[in-house]
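Order as written gives the chain letters A, B and C; numbering starts at 1 within each chain.
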Amino acid sequence: MEFKISTEREAQFINITGLVQRAVSESGIQDGIAVVFVPHTTAGVTINENADPDVVHDMLLGLDRVFPKSPAYRHAEGNSHAHLKASAMGSSVTVIVEAGQLKLGTWQGIYFCEFDGPRQRRVYVHGLGSGC
Amino acid sequence: MEFKISTEREAQFINITGLVQRAVSESGIQDGIAVVFVPHTTAGVTINENADPDVVHDMLLGLDRVFPKSPAYRHAEGNSHAHLKASAMGSSVTVIVEAGQLKLGTWQGIYFCEFDGPRQRRVYVHGLGSGC
Amino acid sequence: MEFKISTEREAQFINITGLVQRAVSESGIQDGIAVVFVPHTTAGVTINENADPDVVHDMLLGLDRVFPKSPAYRHAEGNSHAHLKASAMGSSVTVIVEAGQLKLGTWQGIYFCEFDGPRQRRVYVHGLGSGC
């Protein structure tokens, strides 16, 4: 399963929980795990708070402080900070599935993490377990 | 499978390897993988050294330096640094299981990472493979 | 499945995509996932750009800045910065497998991350899905 998303800013977290749940439902998986994989090197995926948008704002700010752009970087595209942020968040998350539903905590959402946008991006979802 | 833990400090690494192994044993899984998932957004899970407690001390100190509390953060709960640390460590780890045992390296332990405690927390474990 | 690698420097990213693909091919797995697990606590694994070697240079530099060696660390071996880097990158990556092939993005490679070398290291690969 695969879906596309369009990011709108240089750095942005986009809540893809609904899209992942839809992919899980379409796969027919009932009990097992879902792997959400981002096939890019300047974008990642993470799980974090789905309620207050200020958390996402603060996470983007915090990551900017930890991995700033730097003239010391050699990579000619000038986006090494984005590669670092992508690896810090990771290229996949794994979520347990029960009765066809992602077993997330109350406040958890799955976020696509854009660090070098805006771009057209893709997300892969693979379910493993009974029913698929 | 699911278990609860009580954290005792604001930031703390708790070795849960034994609890995860017990869950794996109860699941009956023989060969496959175990996914350890933390359903919280200010706590995470990581694998690191199980021998010298100074490593855990230093990791907590290092994470504090990288993701300090900041007046620039907007989130009213004041724990955005904890959300950042949680995503930096991650919300799950995946461990290979062979003959019913977690296939960890000699010095590896699985640590629950509390970043906004003390609290009552939960951990999910899901085994996938033969025997379950 | 398991393979060994020898690292040559204190900190180094080694592209192991070919070795992982070979392990996946030998396992016979056709459709599912491959878990790549590093059983060490001062080394990790991540997915990032496979094209321009300057990206790896910049990532090692960026990680050094974020997690420098520090006299404040207690751990007597003096490699707490390496433990931090290992947890920041993570001890495993999970990749979707389709028709026997790792389903990576065009620019993605799987990198073994040495942070306290040079050493002899091991990597575990476990495939899960149809055909294995």
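The working rule: a contact is a pair of C-beta atoms (placed from the backbone, for glycine too) under 8 Å apart; a residue touches a chain by one contact, two chains touch by 3 or more.
This structure is a prediction, so every number in the text was calculated from the model and none was measured.
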{"item": "Rotational angle, Cα trace of subunit A fitted to subunit B, multiple of 5°", "value": "120"}
{"item": "Same-residue or different-residue interface between subunit B and subunit C, half as cut-off", "value": "different"}
{"item": "Whole-Å gap separating subunit B and subunit C, where each centre is the average of the chain's CA atoms", "value": "19"}
{"item": "Where subunit A touches two or more other chains, by residue", "value": "66, 88, 90, 94, 128"}
{"item": "Of all residues in subunit B, those that touch subunit C in their complex", "value": "32-33, 46-49, 52, 54-55, 57-59, 61-63, 66, 88-90, 93-96, 103-108, 128-129"}
{"item": "Subunit A residues touching subunit C - in the complex, by the definition given at the top", "value": "35, 37-41, 66-67, 70, 72-77, 80-81, 83-84, 86-88, 90-92, 94, 122, 124, 126, 128"}
